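Sharing a structure with you now.
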Amino acid sequence: MKDEAIYRRLFRTALLIRLVEERIIELYPSDKIQSPVHLSIGQEAVAVGVCDGLKPDDLVFATYRSHGFYIAKGGSLDAMFAELYGRKGGVSGGKAGSMHLAAPEVGLMGSSAVVASTIPHAVGAALSFKRRGLSQIAVAVFGDGATEEGVYHESLNFAALMKVPVLFLCEDNGLAVHSHRPVRQSYRLAEHAASFGIASRRLEEGWDMLAIRQATLEAAAKVRAGEPFVLEIVTSRYKEHVGVGEDFHFNYRTSDGVDAWKRRDPLIVDQKLVATLRPDIEREIEAAVAFAEASPAPGRDELLADVI
Amino acid sequence: MKDEAIYRRLFRTALLIRLVEERIIELYPSDKIQSPVHLSIGQEAVAVGVCDGLKPDDLVFATYRSHGFYIAKGGSLDAMFAELYGRKGGVSGGKAGSMHLAAPEVGLMGSSAVVASTIPHAVGAALSFKRRGLSQIAVAVFGDGATEEGVYHESLNFAALMKVPVLFLCEDNGLAVHSHRPVRQSYRLAEHAASFGIASRRLEEGWDMLAIRQATLEAAAKVRAGEPFVLEIVTSRYKEHVGVGEDFHFNYRTSDGVDAWKRRDPLIVDQKLVATLRPDIEREIEAAVAFAEASPAPGRDELLADVI
Amino acid sequence: MSIAAVKPDQGTRVLSYAGALLETMDAALADHANTFIMGQGVDDFKGIFGSTTGLAEKYGAARVFDVPLMEEGMTGVAIGASLVGDYPITTHIRADFSFLAMNQIINLAAKYRYMFGGLMRCPMLIRIVVGRSWGQGAQHSQSPQSTFAHYPGLTVVMPSSSQAILDMYPAIINRHPGPVISIEHRLLYNLDFTVSPSEHRVPLTSYVARKGSDVTVVATSVMVLEALRAAQYVEDKAGISAEIIDLNSISHPDWDLVAASVRKTGRLVVADTSWLEYGVAAEVCRQLVMRDPGLLRQPPTMLGMAPAPCPTAKSLEDIYYPSQHETVDAILVQVRGDNHGIALPVERSMTEGYKRFRGPF
Amino acid sequence: MSIAAVKPDQGTRVLSYAGALLETMDAALADHANTFIMGQGVDDFKGIFGSTTGLAEKYGAARVFDVPLMEEGMTGVAIGASLVGDYPITTHIRADFSFLAMNQIINLAAKYRYMFGGLMRCPMLIRIVVGRSWGQGAQHSQSPQSTFAHYPGLTVVMPSSSQAILDMYPAIINRHPGPVISIEHRLLYNLDFTVSPSEHRVPLTSYVARKGSDVTVVATSVMVLEALRAAQYVEDKAGISAEIIDLNSISHPDWDLVAASVRKTGRLVVADTSWLEYGVAAEVCRQLVMRDPGLLRQPPTMLGMAPAPCPTAKSLEDIYYPSQHETVDAILVQVRGDNHGIALPVERSMTEGYKRFRGPF
């Protein structure tokens, strides 16, 4: 089956992301990764489904929570682990760390730790594509909380006015740090986007990689035809906002929602496929960790390079 | 007739504003008023109708184009002219000038020359009223262009979430400097506000002071009951954006729209009432100008006062 | 050497920086009905690193509340509330996020009193936290004191201890006439300090944190602690007596105090948390030469962030920030010259001295 | 004395500052297909005070276009376009409005190259205009050079003449690797300057605008003109030879040039367009004392805005800004002492020297 092959491909990438992050969890207490990590465990399907629905030269602008997008876009695993380790072999020579993964060679155009700040970047790239008559599209990836920032409004308005090929992709995990969406938002994304004349879709099945891929293909087609689009995908953050632990014991949320999500999470449900793919993926990860461990730390030579 | 008395009251205030600004136009070439002036000629009905529909202790937060609101709220004319002249007798001792009129004693809480910047101030004041259980409301006055700034979005969201008594009042003159609304906005205010769950009304008859007053009374009642509201009033700026001249010869707009507006402008149509009220108003204005002329200029003593 | 040993003075109890913040926040809410705290996460279980924990429960959601992501809007809301008589306290868990509120802070709050000739006032407290270490990276580590202090109308302080908070915050909240920006340092939050009952030993300006005669060290925020540690070291190892001035107020320092100290010592080290260019170190030099260019007997030594955005890698971060090693060296170079020959402390990374601060936040 | 008499040098034609801007904008669009200009009103008949007039017609709406009121968003859009190879030029008709874009400028544009270890670059030109006189008031008159120059990653220039624009802009646009903020001065726009064919006489750093031997004047932007006029006055009236250095680049000045001049003269005046505190004057002092505190024989004199927000009243504005009167006095005091006894020019208000600049904008 064609769909089956696609599913397997998506599944493998999602599992790679999950296992990479589980490896990060294991490594973290060793203090080898000395930087804040925002895990996407539970949210992998979004990155995987979306990136698979894009063309390789479509550009993604992302956030501090972008291990998933980095991997799904095809970033090098060696360079990623070395980056988390703060080593010279890192994709950014250790200067970026987990919060600022980038891989322009595969279309990941940088991740910012300031919420919402890359949204207008995607709009700007799309503006450029349009003026040059290119068929690429730009994707702004952001969380539900990011839509509260004024720049989201400015970006939607400008994108709609200029009719630029930008896909606004909201990962709705319902949380901004420990705040639930209803205490932060008086609007729903669909109506809000519609008020700018921007079409949108909300996908509740954020565990379903094929559905996300399909929704992305459809949205991207509209975007490529010259209309911005808002795609909102419901998802679930299993771990704490930042760091490698769980946070249910802090009582700001219960585990119910996450448990329900896990019951539908293919990476948990489909243990057979996990078992099949795992050994190979683990070897890949171990190689990347080994690469990172072997990579030298940057030194004084690097400190003042690339400032201007 | 009760309505007739109200009309006369409103008309008088509107005429006062118009004649004050016409006096400013006369004075301007003398360089006695050395600061940018943003005239509201053509837009007076909005300030007058709105302020009459408010209670005296309702607070207004306004913009650089606020001669009208200053007068309609009941600010002292002497202190206004002295302020424009940059004199000690000015409401702010000359430090504010035309762009920053304030009269807190009658509820005008300051005007900012940074577009959209006082919108959240009104929300903050309303938040305070709510917490203290007061029945006052706060009014954010802004132009159509101001709604493009991100802070407008942030303010609507917050006001709707907190259910604070704030009236968002948009003076829609269709222009931001020389840019027409359609090139700047992909949204309409009503749908946009609705997406935040905020009710709104667009009043096309922005020359009709009684209609504006009535709309304000209705909107203010809703606001006082604890819901933000967006009231958008269409209006017409007769003069150039800043300065005292006309600007039709620059061809960025034709005079047609303004001419049509003038044909409905009571201050032009109702010449009989103008003739009746004019002498008294002119005396008032002359007294204010004389006050300003006689007021001393601030000096070194004032330069570093009130900084912290 | 442990931090607990760094006692600003004899005191009567031990209190962490976060604890001092929580006490002053609590007292502000208890004492002033017009005071409220708003910011992202002020009411959650982390409570701005423990500085607001439990206050929402104690004073209710109308006094202590979470806000959406809206830095510019929130600051505007605070100004509006302040204009009608409230006293708002806002928070930014990283100083970097305050750049989103720059328009409201600089164009509005800082100007309102003057611009309206005294008709308006918007007293309020904006608490912003500087991040450092554990790979905070380029966007979570900035320390914008000189940026804010450049603009008249703002009062900018950088409390370097629990005592500074206990003394200053009650003097600011609902008392100071204008907007105040307090730049708190994340590395200080978990440190314990010995504090004495508030006798306002830390004024809303600069003060001598340690008396000395050989060299003047002007320091800000966490660098005051580093300087105190270094001063102890150079006294122990080389009998050098360093005078340490905590600049403390960046907008309204006591420059005469600084000049008097330099007049006495003739030697200067400036240790700041930000970049040197157009920073605190620059203004210190201006104030000195305006009084008397002869005050300095030799070029001063300056410690601050390297002239680059902050890198994430630990190996780079360790050389990006001035370490204890460099602080000690700076003092020794000033007093004994480049070839002072005195062994430096092995500790290179400052965070090694702050063991209780451990990532991710 | 008329401004036209202030010629930086022998030259071959007369060109206004606005004219020089228009020429360089035009050339940038003609020479580089990836360059575009966006900003509020760039395509209207006023064309950013004449600096973009007619370009939308000439190059089309895809290259020169108006934007909604969205400073933060616009700057982010520019960064995004730059990241994919465009060269965006953005405008703010008042520098004060750039505070709304501070997050994108400082947290993003300034950091992108370094933060990603060189993977990203966002070269772009942000043109911001400083307002002065005619009652611009507190929110339309700020000059944030020291704020921007504090942050590594930004290049900040302040062209003080048509020549500076003709020489620098082509060297910046599409050539300089990173984001550049050019702080233009509204008072300069309508002034005519004699310019010579571009031989890059004005580098992307500081340069000597007038040679002299008695006193060093370090000036920025419009204060360079004021200094040149004052230098002529003191030469005529008192035979004093003032050396004037146009700092020109605020982020990357030629400090050795400044130090060499001060070494020669021993006397210093700093004349800047912003506040002195944490401003350009401060960094000048830091650079000097770091080289040698003995460079200055006496305390320097400093000219800048009074330590307050800008008042609107003309009587206050005139004493708020340093006038020609004060600039002359500063030079005389440095060279001859407080009791120099030389008559000062009667002109107190600087704008009287700029007759062609007349309100409202």
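As written, the chains take the letters A, B, C and D, and residue 1 is the first residue of each chain.
One rule holds for everything that comes next: a contact is a pair of C-beta atoms (placed from the backbone, for glycine too) under 8 Å apart; a residue touches a chain by one contact, two chains touch by 3 or more.
In this text the structure is predicted, and so the values were computed from the model without any measurement.
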item: Neighbouring chains shared between chain B and chain C, ordered by label; value: A, D
item: Most widely separated chain from chain D, with each centre as the mean of CA atoms; value: A
item: Inter-centroid spacing, chain C versus chain A (mean Cα positions, whole Å); value: 35
item: Distance between chain centroids, defined by C-alpha means - chain A, chain B (Å); value: 46
item: Mean-CA-position distance for chain D and chain A (Å); value: 42
item: Numbers and ranges of chain A residues touching at least 2 other chains; value: 90, 93-96, 100, 112, 114, 148-151, 154, 157, 161, 183-185, 307
item: Where chain C touches two or more other chains, by residue; value: 67-68, 70, 72-73, 96, 100, 103, 107, 114-115, 137-139, 152-153, 307-309, 311
item: Touch-based graph of the chains, sorted into line, ring, star, complete or other; value: complete
item: Sites on chain A touched by chain B in the complex; value: 148-154, 156-157, 160-161, 183-188, 191-192, 194-198
item: Chain C contact footprint on chain B (complex, rising order); value: 59, 61, 90-96, 100, 102-104, 109-110, 112, 114, 117-129, 131, 138, 150-151, 154-155, 157-158, 161, 305-308
item: Contact set on chain D toward chain B in their complex; value: 40-41, 44-46, 66-73, 96-97, 100, 134-140, 306-309, 311-316, 319-320, 359-361
item: Contact set on chain C toward chain B in their complex; value: 36, 62-63, 67-68, 70, 72-86, 88, 103-104, 107-108, 112-120, 152-153, 155, 176-178
item: Parts of chain C lying in touch with chain D, wherever the complex brings them together; value: 72, 96, 99-100, 102-103, 106-107, 110-111, 114-115, 137-139, 142, 144, 146-147, 149-153, 251, 274-286, 288-300, 302, 307-309, 311
